[in-house]
Amino acid sequence: MKRMEFALDLFTVFTLSAGALFFLAGTVGLIRFPDPLTRLHALTKVDNVGLGLVVVGLIPQADGWGAAFKLVVVWLLVQLSGAIVTQLIAGAIREWGPSA
Amino acid sequence: MPDATTSGGILLVFAIVFPVAGVLLSLVVGGRQVERIALIILPCNLILASAIFFDLWRSGSQLIYIVGGWQPPLGITLRADGLSAAMMVTTAVVICAVGVFAHADFDTRAQPFETRAPFVFWVLLMAIGCAMNMIFLGGDLFTLYVALELLTFAAVPLVCLDGRAETIQAALRYLLFALLGSILYLAGTALLYGSYATLDIVLLSQRLRVETATLVAAVLMTVGLFAKTALFPLHIWLPPAHAGAPASASAVLSAIVVKGSFFLVVRLWFGVMPGLLGFTGAQLVGGLGAGAIIFGSVVALRQKRLKLLIAYSTVAQIGYLFLMFPLAFDSVSSQLQSSGALTGGMLLAMSHATAKAAMFMAAGLIYAALGHDRIAELGGAARAIPMTVFAFAIGGVCLIGLPPSGGFLAKWLLLDAAIATGQWSWAMVLLVGGLFTAGYVFIVVAGALGSPHEPLKLRVAVPKYQEAAALTLALLSLLLGFVALGPIDVLQVRPGAMMAALR
Amino acid sequence: MSSWFFADAGLVLLVLAIGASTIFARKAFDAAIAFVVYGLLLAIAWVRLSAIDVALTEAAIGGGMTGTLLLGAVARLRSAEPDNIRLGLPVRLATGFCCALVAAGLAGTLLLLPEAIPTLAPAAMENLVHTGLGNPVAGVLFAYRALDTLLEKVVLLLALLGVWSLAPNNAWNGIPGLRLYERPNSTLTFLAQILPPVGIVVGIYMCWVGANAPGGAFQGGTILAAMWLLVIIARLENAPSTGQLWLRIGLVLGPAVFLAAGLAGLVSANGFLAYPPGYAKPFIVTIEFALTISIAVVLAMLAAGPSKQVQQE
Amino acid sequence: MSGANLFGICGAALVGLGLYGLITNPEPLRKILAFNLLGTGVFLIFGLISRRAAAAGFPGDPVPQAMVITAIVVAFAATALAVALVLRLLEQTGRATLGADNPVSEIGNP
């Protein structure tokens, strides 16, 4: 039993670190990429994966199935809003140009 | 011994529930009925206030209501002492008179559908009644914060009810000052809670220690309340806001609303921390008051428009209210004494409320009748609308402080305190301020008594009931001096526990 | 000093930096964006202060709703003539010095608070059994200090009335002028079709768990308001005209139920805003549900602004 | 120094920042932003005070927390009203400024 817990903890540490790395990469992309569209690309692609890893890593630590379910819902909602907001921003850029 | 709900305590609950119910009902029932609802709620409010007043007078002890049965410090207590009862009655009277006066401008049944300004006006008038009752009765500093915000949100839209750009600017400026004031007040309550784990006024007064956090809290709260009361030099929002509003709204704003935050200053310093202000602090507050009197009066004398003159007069009269701080300071116990000076100050607040409301109403009528309010062209007004000009003059008499007005009695009490404590300089300020007031009232009244350059033609006939409302308030302020013969002792009814803490 | 201390210090520095940028940013738009970020960071700060209820409220209302409001205003203010009155450098320096003094004084005062820590936490926890609630914050809001909460609802209504009062005379009881897109935007329409069912469930859940866990009427109501605004902005539904009876009833429902329950206490319990022994929880949950609806309506209408056009009959 | 104290100091600093912005920034909308910053600073002071109860073995004092929730809602209402005023001013005058410090002489009567 102890072993199992240790393995799960290790798994969490690994996935959280990986997730954090993705977030870092996304942030760097947001700052360093040249134009709004590529920045958006970096931000959303990397954040979705990053948050996904964080959520997956936290599920073993969650307090029962309910909490795990909520974590997944959080991830799905962020995916949805990220996708939509990216679309909207990109649409605005196409309509009014990057400076708007 | 913890406080318990007293027999008349339920009246305090009704004084808050009634106007809240009126506001809620008005929103649902709709605009055309709102005036009727207000004309039921406002007199009920007056009856309740009078009932509380007479209960206090008869029993000589305060009314208490423990809300929800939760004793402070966890729960909230409503308390009515002499100060709150007297202020409640004054407020209720003025609001009722404004209710009568406002029918001409805000008749909700004039149109077959709900109209903007009347609907908003009547709901906000009830809300102001509610907020003021809460401020007078609230026994907990955070409840008082919510009450202050209630008052702000009820008052600001009244400023720009007619929707002109200047008034919207004035309202925005007023709102920003009021918000700054309440957030500073809130910061003070945070520090007090952190030091004593209670915000109940009586419990605080018993637990209070002189230490840094308490002093900082007191300063923050006081500065915040000064901004809301428009005490010099934080007065710049007041003249445009009060002068630009419709006459009925100006009357409420100038007579009632500024008294809300003023009352909290009094509660704070006389009720919660009478020993904290110290000699220098009291002199400083008095100095700001004196500054307000001089500045407000001088600027009022230079105004060309009647409503602006009255608004600047409010700035000056607010200054008077703060003169009671140095005069109530007892150098032996180094505490603020709740004695003659406090009674005088509160009486001044009450007579200013009635007189100023009457003067703004009269100014509104003059404007409606003549089509302008340029002071230089008021000639003939006294002949054309004598009752209106008479009401204005009586209000002025009260502001100047001639006998037998409430202003006279109040200034007498303040002068008495100044002589008793040997503070002659404040007596000088009182007298010089009175001369200034006489000056600007005289300019207006003399102008109105003069003969017109060309025959005066009234644009509209002034309704009798409006003149009656203004005149009633003016006469009340005149007769307020006679309270010396009777119920003035009520002002001395204090929470028992607080008195014990003072000794 | 634990590692948490350094994490907190980092968070505080970030909050201060973003906060400063809302003040010093050149463009109002940047400042408003910074403010939204600031609100979210602040929510994390509240979690670190073990105040989950406040964190939720701050994220939903402080960051989200206020941010939306300010961003919307900034977008419309772009057409405004720039304002060139700037205070001179000496004045700004002097003001900055005074403000720094105030901040330093306040910080010093906080550090010098008495060692003995007075608190009402034990009393609040002990009495919680009488309310049947599990969340002490809900206990404070709806039992011990219910009067504050009731009055604060009236404050919200008055603010809405104030906003409405800024409508032109002929547009009274018209439709709020919330109009971000000239024509329906397919992406947004998609979101407005799929998100609200989820949001409504989450909002009601928030309100429901509020009795025993962090959450409650404010947080739930804000989510519902956001869903409604989304539907309006995506132009799936028009904003309602402000004179509609169902809207007005929705506005006052919460405060009215609260007031009625308070008055019922005069008869069925030992006073105004007291709940009958043993029945406190059903009373409070009923009040919370009614309040959630009213808060949702008020917040959405506050964000939608005064009415702009007269309703077509 | 505990972590809670850090947030208290942060609150005090935010009060200073907000005050500065409120006084020096001429644009009303920026003043409203500054007021919100000032408000959150004061709320954080409540947070510190609530958190101090941790010494007595509680996660936090719920009373200041409830007060902050009430105050956040009130601050939002204030922001909404202020923003509505600014936008109305913009509609009427094409600009959103508070004008000179003493615009009273132009104020007429309704």
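Letters A, B, C and D name the chains as they come in the text, with residue numbers starting at 1 for each one.
Everything that follows uses one rule, which is that a contact is a pair of C-beta atoms (placed from the backbone, for glycine too) under 8 Å apart; a residue touches a chain by one contact, two chains touch by 3 or more.
Just so we're clear, the structure is a prediction, and the values are computed from it rather than from any experiment.
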| task | Sort the other chains by how far their Cα centres are from that of subunit B and give me the top one. | result | A
| query | Once you count every C-beta pair in contact for both, which comes out on top, B-D or C-D? | reply | C-D
| remark: Taking each chain's mean CA coordinate, subunit B and subunit D are separated, in whole Å, by 26
| remark: Whole-Å distance, C-alpha centre of subunit A to that of subunit B, is 57
| remark: Between the Cα centroids of subunit A and subunit D the separation in whole angstrom comes to 32
| task | Find the geometric centre of each of subunit C and subunit D from their Cα atoms only, then give the gap between the two centres in Å, rounded to an integer. | result | 13
| query | Which residues belonging to subunit B are in contact with no fewer than two other chains? | reply | 74, 142, 146, 149, 153, 156-157, 160, 163, 168, 187, 191, 194, 197
| request: Could you list which residues of subunit D touch at least two other chains? | output: 15, 32, 45, 48-49, 52, 61, 63, 67, 70, 74, 77-78, 81, 85-86, 88
| request: Could you list the positions in subunit A whose residues touch two or more of the other chains? | output: none
| query | What pairs of chains are touching here? | reply | A-C, B-C, B-D, C-D
| What residues on subunit D touch subunit B, complex-wise? | 15, 22, 28, 31-32, 35, 38-39, 42, 45-46, 48-49, 52, 61, 63-64, 67, 70-71, 74, 77-78, 81-82, 85-86, 88-89, 92-93, 98-99, 101-110
| query | Which residues of subunit A touch subunit C in their complex? | reply | 73, 77, 80-81, 84, 87-88, 91
| In their shared complex, at which residues does subunit B touch subunit D? | 74, 142, 145-146, 149, 152-153, 156-157, 160, 162-173, 175-176, 179-180, 183, 186-187, 189-191, 193-194, 197, 236, 239-240, 243-247, 305, 307-308, 367, 372-373
| Of all residues in subunit C, which touch subunit D in the complex? | 4-5, 8-9, 12, 15-16, 19-20, 22-23, 28, 31-32, 35, 38, 42, 45-46, 48-51, 53-54, 57-58, 61-62, 65-66, 69-70, 72-74, 76-77, 79-81, 83, 85-87, 91-92, 95-96, 99-100, 102-104, 106-107, 110-111, 113, 117, 119-122, 124-125, 136-137, 139-141, 144-145, 148-149, 152, 155-156, 159-160, 162-163, 166, 218, 299, 302-303, 305-306
| request: Using the touch rule from the top, collect the residues of subunit C that touch subunit B in their complex. | output: 105-106, 108-110, 112-114, 118-120, 123-124, 127, 143-148, 150-152, 154-155, 157-159, 161-162, 164-169, 172-173, 243, 245, 248-249, 251-252, 255-256, 259, 262-263, 265-266, 269-275
